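Quick heads-up: structures coming right below.
Both of the next two complexes hold subunit A, though its partner changes from subunit B to subunit C.
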Partner chain A sequence: MKQRYLPKVFMALIVISSLLFSFQSAFASTPKIEDEALGRTLARQAVKDNKRWSTIDHSKIDALNKDFKTGEEITKACISCHSEAATQFHKTIHWTWLASGDKKDIRYGKAGYSVNNFCISGNAMEDKGCLSCHTSWNKKGVEGDVNCLKCHNDSGFNFNEALGDIKAFLEDGDPDTNEIATDLQQEVKEAVSQVTFPTRKNCGDCHFKGGGGDGVKHGDLDTSLTKPNRMLDVHMGTDGKNFTCTRCHTTVDHHIAGRIYTNPAVETRKSLIEDDLAPKITCVSCHSDEPHKNDSKMNDHTNVVSCQACHIPEYARVNPTMMWWDWTKAGKMKNGKPYIEKGPFGKPVYKSIKGEFKWEKNVKPEYFWSNGSQTSTTINDVIDPAKVVKVSHPVGDKNDPESRIFPFKIHRGKQPYDKVNKKLLAPMLSGEKGYWETFDMNKAIEHGNKTLGIPYSGEFDYVETTYAFPITHMVAPKENALNCNQCHIRKNSRLANITGLYMPGRDKSSLMDTIGWLSVFGALAGVLLHGIGRFFTRNGKEE
Partner chain B sequence: MKDKKIIKIYLYTRYERLWHWLQALMIISLIITGLEIHGTYKLFGFQTAVNIHNFVGLTWLILFAFFVFWLFTTGEWKQYIPTTKKLFSVILYYSWGIFQGKPHPVQKAKGAKHNPLQRLAYLGISAMLLPAQMVTGLLYYLYNDIPQVLPLSALAVIHTLIALFLLNFLIVHLYMTTTGHSLFSHIAGMITGWEEIYETTEIADWETQATKKK
Partner chain C sequence: MFKKYMSTSMVILFLLVSFSMAFASEGPGGNDRKGKYTYRKVYKACAKTGGVESATPKISPADKTMGQWQEIFENKNFDEFGCMDNWSVLPDKDILDIYSYFYNHASDSPSPATCK
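Up next, the complex of A and B:
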C-alpha cells in the first residue's frame, strides 16, 4: 500500500519544483549571460582593449631637441606641432577657473565669486598661493602661457625649479655655472620628451591636494590613489584594471568630463549601449543600469540608490581627510611666532595661519538625494548667519527621476561673513597684504574683497558652514560593498535621514505594529490564563 | 459519561495531513523571516531572510492552489460552511464547561471535522487572511516589476499586520490542540490521521447534511 504511493509523491515533487522554476524565470527581466552579472560583462567588454597605442616618439622630435631656457619656450615647441592645443585649452575651466554654461553671469568658479570653507576664495587669481595649481608657467595665471607638461609629462621632473636655476646660472656669466646650466638643460631636454596622456599623478598633483594639502578637500581623492591597490579602488588599482583618471573622465577638445560647480557631469545616465559617444563618466556608462546578476533584488534599487552608496562603504580608507576647519582659532602665536601643532595621523590640528583642523580616516559617508547638481554659494549670495550655511550642497529630490541617494563627505567649519551685508567674505591669504603675513583678518578681508570688487562693511563675524563633496572614487571590490543591514535596519540605518520612502527593516507603522502585537500578546495572555484555569480545575476531573 | 469507550476514527487523509504540516512549516518560517525583514530582530541577516521569505512565500502560493483544487474536487469545502448552530454552546464550553469536566458539545465525525467555532475561524483564515496575505505579499514581491497598485508602505503595513494576526491564530491554535482527551491527542490525530472520539457520540443530521452522499 505504502510503496504504491511513493511514486506519486515523487511525481508530485517533480511537478512542484518544475512549476517553481518556471515561476522564477517568468519574472526574470533580462536574458541570462553565462551566470555572470550583466554589469560586469559589459564593463569588461568596454575596457577589453586596455593599451593605448601611439605613432610618435617625442624624443625624436626636432622641436623638442633644444636647450630650453624658459617654460614658455617649451610650450612654443609643443604648439609648433599641436597648433590648436592652447587655443582649445584656453576655453576650459582648467584654464579660466570659471564655470561655463548658462549661469556665466553669476561667475561660479575659483577665479569667480564661488567660495568654499577651506581657503575660502581664489580672489580672482590675485591670491598667488592658489596659483601653484594653475596650469600656467610660474603662477602667472591666465596672463601666462599654458604649461602643457603639468598634465602631459610623467617624468616627475621639477621643471619650474630647473628652469629657474638655468635662468639664474646663465645670467651670472660665470663659465662654471654656465656648465651646470648646460647639464641642467640636458636634463630638461630628456624630461620634456617623456610626453604622456595624463596619469593619476598628473591629475592628482592638484586634485589630490586641493585645499592646501593631501586629502584636505575631497575624502575620496588623495595621494593614496597615485598607486592604489584594488582594495582601495577596484578600477584604478595597479593590481587590477589600473585605470587612469581619463578612462572615465573622457575628453573633448581638452574639456574633461566631470561635474563643474552647479553643472552635473551628465544630465542623464546612459550606458554605452544606448549612446556610445556619451562621456564615460557615470557607472551606468559601462555597467548599465541593471548591473547585478539576474533576478537580483539589487537591480531593483538602481532607480533610487546610486551605485556609489553601496560600493563605497567608507572614504579616506588609506590617508586621513580633513573634516573640520575653524578659522576663528587662527592667529594664535607661540613666543610671538606662528606655529603648527600636529595631532593624530601626524596631521596638523592647528596652524596659526589657518586655524583649527580635525581629521578622520575610514569615514562613513552622509547620504542625500542628488541629481548630480550642487548648489554653490557665491560672495554675492545673502546668507542667514543664524543657521549653518550650506556653502555647497547636493540638489535632488525623491520625486526627480534623475535623483539617486548618493554618498557625500560634508566638510564643516567656521569662516568669516559680513555682519552688515550678510554675505560670506573672501580674505586674501598669501602675499604682503595677506592674512598669512599680517594676521589681521579685517585687513585681509578688506583687501580680498577688493580683488573681487565686492563691498565690505568693515564688520565681520564667523558663521558655521558646510561643504559637500560627492563620494564617487575609492570604489571597493564587490565583496566589500555594503550589506543590506547597513540601511535596512531599525536603528542607526545609514539612510536614517532619507525620508519620504518606505524602507523594509527601517520603517514601520507604530499604530499598526501596536495593534498587531497587542493581539499577539493578548492571545498569549488568554491561553496562559485559560491553561492555568484548566490546570487548577484539573479539567473538572475528579480523580 | 465515564463508561463511554474511546474509539479512533480515520478523520484526516494523507494529503490533508501533508498539507497541514507543510503549511504549518511554511507559515512559521514566513513569520520568523518576515519579522526579521520587518526589523523586529536580527537572525539570518536581512538578505538571507529576504531570500528565504521570497522562496517560501512563492512556494506557498503555488501549493495553496493545489489545496484549493483539493478542497473543491473532494467537496471538503463544505466542512467550512459557517453555522451559528451550537456556536454559542461551543463558546460556552471553552469559557466555562471545560473547567467543570463537561463534555464537548460537538463531537468530531467523518462528515464534520470542525466544530462551529472552528468552521468560522478556519473560514476567516483561509478565505480572508491568507488570500489577503498572499496578494499583498505578491504585490510586495513584484513591486518594481508591475504597475504600483498600492504604495510600498501600505503593502508592508497590511502584510505585517496580517502576519501578526496569523501569529495570534497560531498561538491560540497550538493551545487548542491541548484540549483533547489528553494534551497531545489532537496533535497525534493530525499526525496519524486517526482522531479519538467517544463511541456513542451522536452526530446530528444538520452537521453532516452538507457532506452526506445522496
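Up next, the complex of A and C:
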C-alpha cells in the first residue's frame, strides 16, 4: 500500500515546489515603485544642465544704441558684429522659401510651384499678402534685407509699424509729430536691445498663424503653445521643461532641423546613446527606441508604431483648427459688399474673399504609414480631377523598416484646377489684380499663374483636395496616452484603415477561429471520453 | 446773351458739384497716423494715474464700423473709452486726429486695426 501511494506523494511534492518557485518568481519580477522607464531616464539626462549662459548684454553695445530710422539700419548694426549671419541665412529656406539649395530649382517651396489647399500659392513672392511672414523688412522678400529681430527679439514690439511711422513723421515737418518720432525712436532703441535666441512666440508668430489665422493649418501648432501647461504639451509646458522650438529643431548655420516638403527631417532614427551628434528632432534621440519599462509590451510596438500615435491622442485641444476650406463658395456678397459670417467657436465659417470653412476641436488624428517624407503635388504636376487630389500625403509602407504608423491632420477642401491642362492653379489673392479686390477668379488665376510661368488654358473648375500635416506637437502626459483597446478593438479601432497586417483584437480569421474552437472542444471531448472509458473499464482492479 | 448765361450757369454748377463732392468724400480730415499715438498717449497717462490697469488701450478701431465711429465722435460720446479726465482736456485737433485713426481703420475699412 505504501508503495502504491509513494509515486503520488512524490508527484504532489514536485507540483507544490513548482508552484512555490513560480510564486516567488512572480514577486521577484514585479518592478519596484521607484523604477523608472528607460526613456524617461535618458531624456532627463539629455536635458540636464539646460540653462543657457551668455557673454553679452546687447543694451551696452554702441552699434545698437542709435536713433534708427529704418529696419535696414538695424540689420546693418547686427551684422557689424555677427558678420556671417546674413550670408548664412540667405542660403536657408526661411529666406529663399525654396526647398532646394539651388535657386534655379523652384519645384518645391512657397516661392516655387508648391501649393496647398488654404490660400493656395505664394505666387513667387508676388502675393504681398503672404510676405508679412517673410524674414525681410517691409515685405520686400528676397530683394530686401534680413530682419534679424523677427526671430531674435522677444520685446513683442511692432518694429515695422514704428519705423514706418518714424519715417512719415520726420518727413512731414510738423514739430508735434517730430516729437512723437523722437519718443518712438527711444522706444525702438529700448526694444532692439532685447536680443534673444528664438522663443516659442518668435516662431509661433508665423508658424501658429499660417493659412490666415490662429490654428488654421497645422492642428498641433497654435497660440495655445505660446504658454502651454504640461497637460497640453509635456515638453513645452511652462510648468515642465518649457522647451523652446529650437530645443528639438536644432540649428546649424541657421539651417533649422525639420522636414522640408519631400525631404524627411532625418534619414534614420538614432538615439544620443548610439550617436551623441544625432539630431534631436526625433523622439528616439532622447528617449531611445525602447523607452518604456523593461517588462512593458509597449516596447514591442516601437518598430511599427510611432511615439506620436499613442502619445498625442487628440490635437487642437485648446484652440480649434480648420478642417475644410471650400473655394467654390467664395464671392458671395451682402448688399453688394463682401462679408464675414461667424460660427461655432467664434471662428469665421464664411468669408466672401475665401469661401466656406469648417472648424473642429479635440480632433482624433487619422493614421497612415510614414517614413518621415511626404508627397507634394505642385502646379506643374498633372492631376486626375475625377479623384480627390492628395496635394500633400505621407509616404510609407508596412514593409519599409523606416516607416511607422503616424498620426496626421487631413485638411480637406476644394480649389481651382485647369480643365484643359489638368493641373492645379495658383490664383493671385491680394493686390490690385488679386481675387480679394476683383472677385474675378479667372483673372486672378491668369495673373497668378503668370507669376510662376505656368500656362493657363483659360478654363477652370474646382477639384476636391487633401493636405496632410504630421501631428507631432501637443504631446500629452503619459497617463493620457492611448489605451490598448483604442486600437486593438474590433469596432471603431483608431487604426481601422491600416490594412495588410494582423492586429490582435481588431482582426479575426474565421478559419483560425473555427480550428481553435474545434481544438478546444475536441480536447475537452477527448478528456471526457477518456475519463468515462477509464471509469467503466476499471474491472474491479481496485481493492 | 442766352449762351453766355448758360455757360456761366454750367461753370457755377460744375464748381458747386466739385465743391460738394470734396465735402462728400468719406472720413474726417485729421492725421490718422498722429491720432494713433495721441490715443496711446491718453492711455499711458491714464495708466500712470491708475485710471486703467494697462497702458494698452482696450478699444481698437476694428471693434466698430466706420458709421459707428462717426456717430460716436461727431456726438463726442467718449464714455465707452473711460479715462474721461484725459479725454476732456484733449484739444479739438487731437480729437479729430484720433477720430481719423478710428474711422480709417474701422472693421469695414480697407485696413482694420487692433491695439496690441
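Convention: the second predicted complex is superposed on the first by the 472 of 543 C-alpha atoms of A that agree within 3 Å, B and C clash if a C-alpha of one lies under 4 Å from a C-alpha of the other, contacts with A are read in each partner's own complex, and residues count from 1 in each chain.
The criterion applied here is as follows: a residue touches a chain if its C-beta (ideal position, glycine included) is under 8 Å from a C-beta of that chain, and two chains touch if they have at least 3 such contacts.
Here the structure is a predicted model, which is why all the values come from computation and not from measurement.
Of the two partner chains placed by the overlay, only subunit B lies in contact with A:G526; subunit C stays clear of it. Contacts of A:C484 after superposition on the shared chain: subunit B is touched, whereas subunit C is not. Of the two partner chains placed by the overlay, only subunit B lies in contact with A:I515; subunit C stays clear of it. In the superposed pair of complexes, A:G343 makes contact with neither subunit B nor subunit C.
In the superposed model, A:G458 lies in contact with neither subunit B nor subunit C. Once the two complexes are overlaid on the shared chain, A:D176 sits against subunit C while remaining clear of subunit B. Once the two structures are superposed, subunit B and subunit C can be ranked by residues of subunit A touched, with B on top.
Of all residues in subunit A, only 156, 158, 165, 168-169, 174, 176-177, 180, 184, 337 touch subunit C in the complex they form. Taken in their complex, subunit C has these residues touching subunit A: 31, 33-34, 36-37, 108, 116. The residues of subunit B lying in touch with subunit A in their complex are 14, 37-39, 42, 45-47, 50, 58-59, 62-63, 94, 98-102, 142-145, 151-153, 156-157, 160-161, 163-165, 167-169, 171-172, 175, 178-179.
By the touch criterion stated above, subunit A contacts subunit B in their complex at residues 5, 16, 19-20, 23-24, 27, 29, 297, 300, 303, 483-485, 488-490, 501-502, 504-509, 512-513, 515-517, 519-520, 522-524, 526-527, 530-531, 533-534, 537, 539-542.
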